[in-house]
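There are two complexes below, and they share chain A, which is joined by chain B in the first and by chain C in the second.
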Partner chain A sequence: MQSYISIENLAKSYGVVTAVNNISLGIEKGEFFSLLGPSGCGKSTLLRMIAGFETPTSGAIKLEGADVTDVPAHKRPTNMMFQSYALFPHLTVGKNIAFGLQQDGLAKSEIRKRIDEVAEKLQLTALLDRKPAQLSGGQRQRVALARALVKRPKVLLLDEPLGALDKNLRTETQLELVRLQRELGLTFIIVTHDQHEAMTVSTRIAIMKQGQVLQVGSPSEVYETPQSRYVAKFLGETNVFAGSRADRSGSELQIDSDEAGGRLHAAFTDRVALDAPFWVSVRPERVELATSGSGLEGTVEQLTYTGVERHYRVRLKSGATLDARRVNLGAESDLGVGDRVFASWSPQASRLLAE
Partner chain B sequence: MTKPSWFNRLSILFGLAFLYLPIVVLVIYSFNGSKLVTVWGGFSTQWYATVLNNPSIIEGAKVSFLVAAVSATAATILGTLAAVVMVRLRRFRGRALFNGMLLAPMVMPEVVMAVSMLLMFVTLGIDRGPLTITLAHTTFTLCFATVVLQSRLVELDPSLEEAARDLGCPPAKAFVSVALPNMVPAIVSAWLLSFTLSLDDLVISSFTTGPGASTLPMKIYSQIKFGVTPEINAISTIILGIVVLGLVAAQLVSRRSEQRATTA
Partner chain C sequence: MLTAATPSTKTNWGKRLLIAIPYAWLLVLFLAPFALVAGISLSTVRLGMPPFEPLTAWDGSILNLRLNFENFLYVLTDDTYLLAYLTSLKVAAISTAAMLFIAYPLAYGIASCSPSSRSLLVFLVIVPFWSSMLIRVYSWMSILRNDGLLNALLLKVGLISEPLRILNTETAIYIGIIYTYLPFMVLPIYSTLSSADRTLIEAARDLGCSRISAFWRVTFPLSLPGVLAGCALVFIPVVGEFVIPDLLGGADTQMIGRAIWLEFFNNRDWPMAAAVTIVLLALLVVPIVYFQSRQSRERT
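Let's turn to the complex of A and B:
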């Protein structure tokens, strides 16, 4: 089936440097899709190719089945919100928002109507006569959003849109973006390096590394079932131990790990080849620590209190470290630095990972 | 900050005196009532009246202002184009060479430039006069205009034009409607700088001029051959005033644009 936006074998290189390496992706109508990765992974280049600012070296971009690869930026039904917001400093907020509509040659009354509409939606009505220099960071961000949305694009592209905002405002704005996207039923594609942001806003996330997409899935899919060590480590924190040998018994795997210094249990999966190097990953919040019993033995090396939770760093007997988290439910910690502990978790909490 | 020591104060005093004492003397003696340049004969503005009634001086001033205005305009237009190429096209064949050639006139000995231009005009058979002076001035003020414009354009967010294109504006129109308005302060200060540079040039003007077209500095220079008169002091003071005004205006405009850029 043809996707709303389909990216087919897209590649972009600058001389000998490959920024985007043969990416294929399908994005559906009404999705809030994230391109997530560290800086230099090619996510911005991919977004800029969708916007029409960069010409792909090879491959195609299709929108509703029509090939738009060679359509210049000013003729594409996409609009972009820039990282720097790129508000026109010499124009008022109202004229900034009107700019795109004037290019389309809309009637003055229609322009007026649409500006009022979007200004009301984004609480900009009182600011229409101000210049960008007179606005706060949050206000500028809303103007940039209004300027792109007023064109009623088929796809809204957001390039690290919240990077300049402080933490509290950023969280607030993320929720606001999601609300707006649902309300308008538009397709959003956002580029971000902040995994928390991607998890918060997206319907699906594409995790990128060195010009390639490693995994695509809903936030819970990519968090719960990462398919590679890189994805597991990039999304949230995790403990990863190299597996040495694996024995299958029914639907369960017994894994010996020299790194962890003991036997680990995991649910069987045919996704990961066990004759190649493989790893077992477990999220810190799934690890249970007890003062007696079975599991990996170690001592508490560090205890951090963040308010929401307690973070234990355990030095295992094998010499490796293991992180565990406990949600703060009001009680004092029964474990202190230097205590001997046994770490265990259910087989379902283990994830088998390939490289 | 620590208080300046007596040594600091003294060196500042000497430095300023070294730079500005001659000019101060010049300005004071332009209001001299005496005919003798070195003898103070009471305050008078008579030499300003003499200047304004001297048709030769007025004629020179007209040529100078015309040349300065036209060459400054041409240099600013060319400088804008050069700055756009230098800033926006990060990579093209010969970029370093182009940059070097743009800036070379800043350090090139003026006489060399003047002689080479004279030779070029003679070779091409162009009649020397206000036109050739204007062309020569455009060449040597171009590099200064480019530097001013380039520094502004570097600060201008390139995503401004991308945003305009994204909103449906074709590339050329995006430059005119978004980048250009934000360069106005730099364009104005580049023009003013070129204008003042052209106005007080003597060497290049003398080499590239022809019969009948003398700029104000050339008139002054030829008058000085018959001795320094208080009239020269008066003309010099007027030119000084115009140049200072031009430079102050250029400063103000670029400072205002800087402030706007930092608050934006």
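Let's turn to the complex of A and C:
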């Protein structure tokens, strides 16, 4: 089945540097799709190719089945919200929003109607006569969004749209974006390096590294079942131990890890080849710490109180460190720095990872 | 609150001194001579040194102040002067427009080059300043003469059969002015174009503009401060230009700078020369105020 947007074997190189390396992706109508990765992973280049600002070296971009690879930016049914917002400083907010509609040659009354509509939706009605220089960061962000949305694009592209906002406003705006996207039923593609942002807004996330997509999935899929060490470490915090040897007994694996200094348990999976180097990962919030019992032995080296949680850093006997977390339920911690602890977790909490 | 107010009062004196020095400079070297010229313009010519009557005379117990407005009345009603003013304004307007048409594409071209070649190209624009303007204007005389380089070339190529008369015509004045003042038009335009945000063009393209309409709707309006600065830098001095029309122009193109020169040195009528100067200044105040207000409006 053809996806709404399908990216086929797309590549982009600048001289000897390969920014995007043979990416294939399908994005469905109405999705809020994230391209997530560190800076320089090619996510912005990929977005700019979808917008039409960069010409791919090879491969194709199709929108509703039609090949748009060679369609110039101004003729694509996509609109972009820029990281810097790129508001026209010489025009008022109203004229910034009207810019694209005037270019399309719409009637004045229709332009007026559409501006009023989008201004109301984004609480910009009172600001229409101001110049961008007179606006706050949050207001500029809304104008940039309005300017792109008013064109009713098939796909809205957002390039690190919230990077310039402070933390509280950012969280608020993320929820606002999700609400808008649902309400309008549009397809959003967002580029971000902030994993929390990607997790908060997306229906699906593509995790990128060095011009390639490592894994695509819903936020819970990529968090719960990362397929590689890189993805597991990039999304949230995790403990990763190299496996030395694995034995299968039924649906369970017994894994010896020299790094962890003990035996780990995991559910069997055929996704990861056990004859190649492999790793076991466990999220800190899944680790249980006890003063006695079985598991990996170690001592509490550091205890951090964050309000919501207590973070424990445990120095294992093997010399490796293990992070564990406990939600703050009001009780005092029974563990302190220097205490001897045993760390354990259920086999279902373990994830086997390839490189 | 108190701690916030203290540093600003402390820096105040330093700031005032910083502003006071250049203002004192302007007062002594601009405002005072201007007052002198204004005074002379209201005086009457006489033989001797200085060649004008003092404005005030002490008559035993009465201080007499004699202001002679005859020079102004003459300047404003005499056809020769009116024509010279109009010619100056016309030459300045036409050459400013011509320079804008030449300089804008040039500046745009330089601004869209790679940063390393940009600095070389800007350097080439200002390289003529390395030699004296007078020498460069004299070189134009030898280029434009009837037996000059240009005519020799055109005759040799066979485009013309007899030499063109360019020197001592209005065309020669335009060539000289455009050549001399072009860098002053190029540099401010280049400066606004090169500092323009490239993503604004992308935003315009994204919103449906072709390259050409993105230029007219975004690049050009954003470069207007540079265009205005360039026009002001060129128009105002060209109106009063003396050397170029004197050396390259003919007797039939009388510009106001030359009229002042003749009045001052040939006729030794200092009051008249001063009156012509004051009227010229008054004329220039109009475009200066216009450019200034446009620029401050662009900035908000």
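The criterion applied here is as follows: the second predicted complex is superposed on the first by the 355 of 355 C-alpha atoms of A that agree within 3 Å, B and C clash if a C-alpha of one lies under 4 Å from a C-alpha of the other, contacts with A are read in each partner's own complex, and residues count from 1 in each chain.
In this section, a residue touches a chain if its C-beta (ideal position, glycine included) is under 8 Å from a C-beta of that chain, and two chains touch if they have at least 3 such contacts.
Here the structure is a predicted model, which is why all the values come from computation and not from measurement.
Chain B and chain C, once both complexes are superposed via chain A, clash.
When the two structures are aligned on the shared chain, A:His74 is found in touch with chain B and with chain C. Once the two complexes are overlaid on the shared chain, A:Ala86 sits against chain B and chain C alike. Look at A:Arg263: by the touch rule set out above, it reaches neither chain B nor chain C. In the superposed model, A:Lys95 makes contact with neither chain B nor chain C. Once chain A of one complex is fitted onto chain A of the other, the partner contacts of A:Arg147 extend to both chain B and chain C.
Using the contact criterion defined above for the overlaid structures, shared-chain residue A:Pro132 touches chain B, although it does not reach chain C.
The superposed model places chain B right into chain C at 202-210; the other stretches listed in 58-66, 76-84 or 202-210 stay free of clashes. Touched by chain B in one complex and by chain C in the other are residues 51-53, 72-75, 78-80, 82, 84, 86-90, 99-100, 103-104, 133, 147-148, 151 of chain A. Residues 51-53, 72-75, 78-80, 82-84, 86-90, 99-100, 103-104, 132-133, 147-148, 151 of chain A are the ones that touch chain B when the two sit in their complex.
Across the complex, chain B meets chain A through its residues 157, 159-160, 162-171, 174, 178, 181-182, 260-261, 263-264.
If you check the complex, the residues on chain A that touch chain C are 51-53, 72-75, 78-80, 82, 84, 86-90, 99-100, 103-104, 131, 133, 147-148, 151. Within the complex formed with chain A, the residues of chain C that make contact are 197, 199-200, 202-210, 213, 217-218, 221-222, 298, 300.
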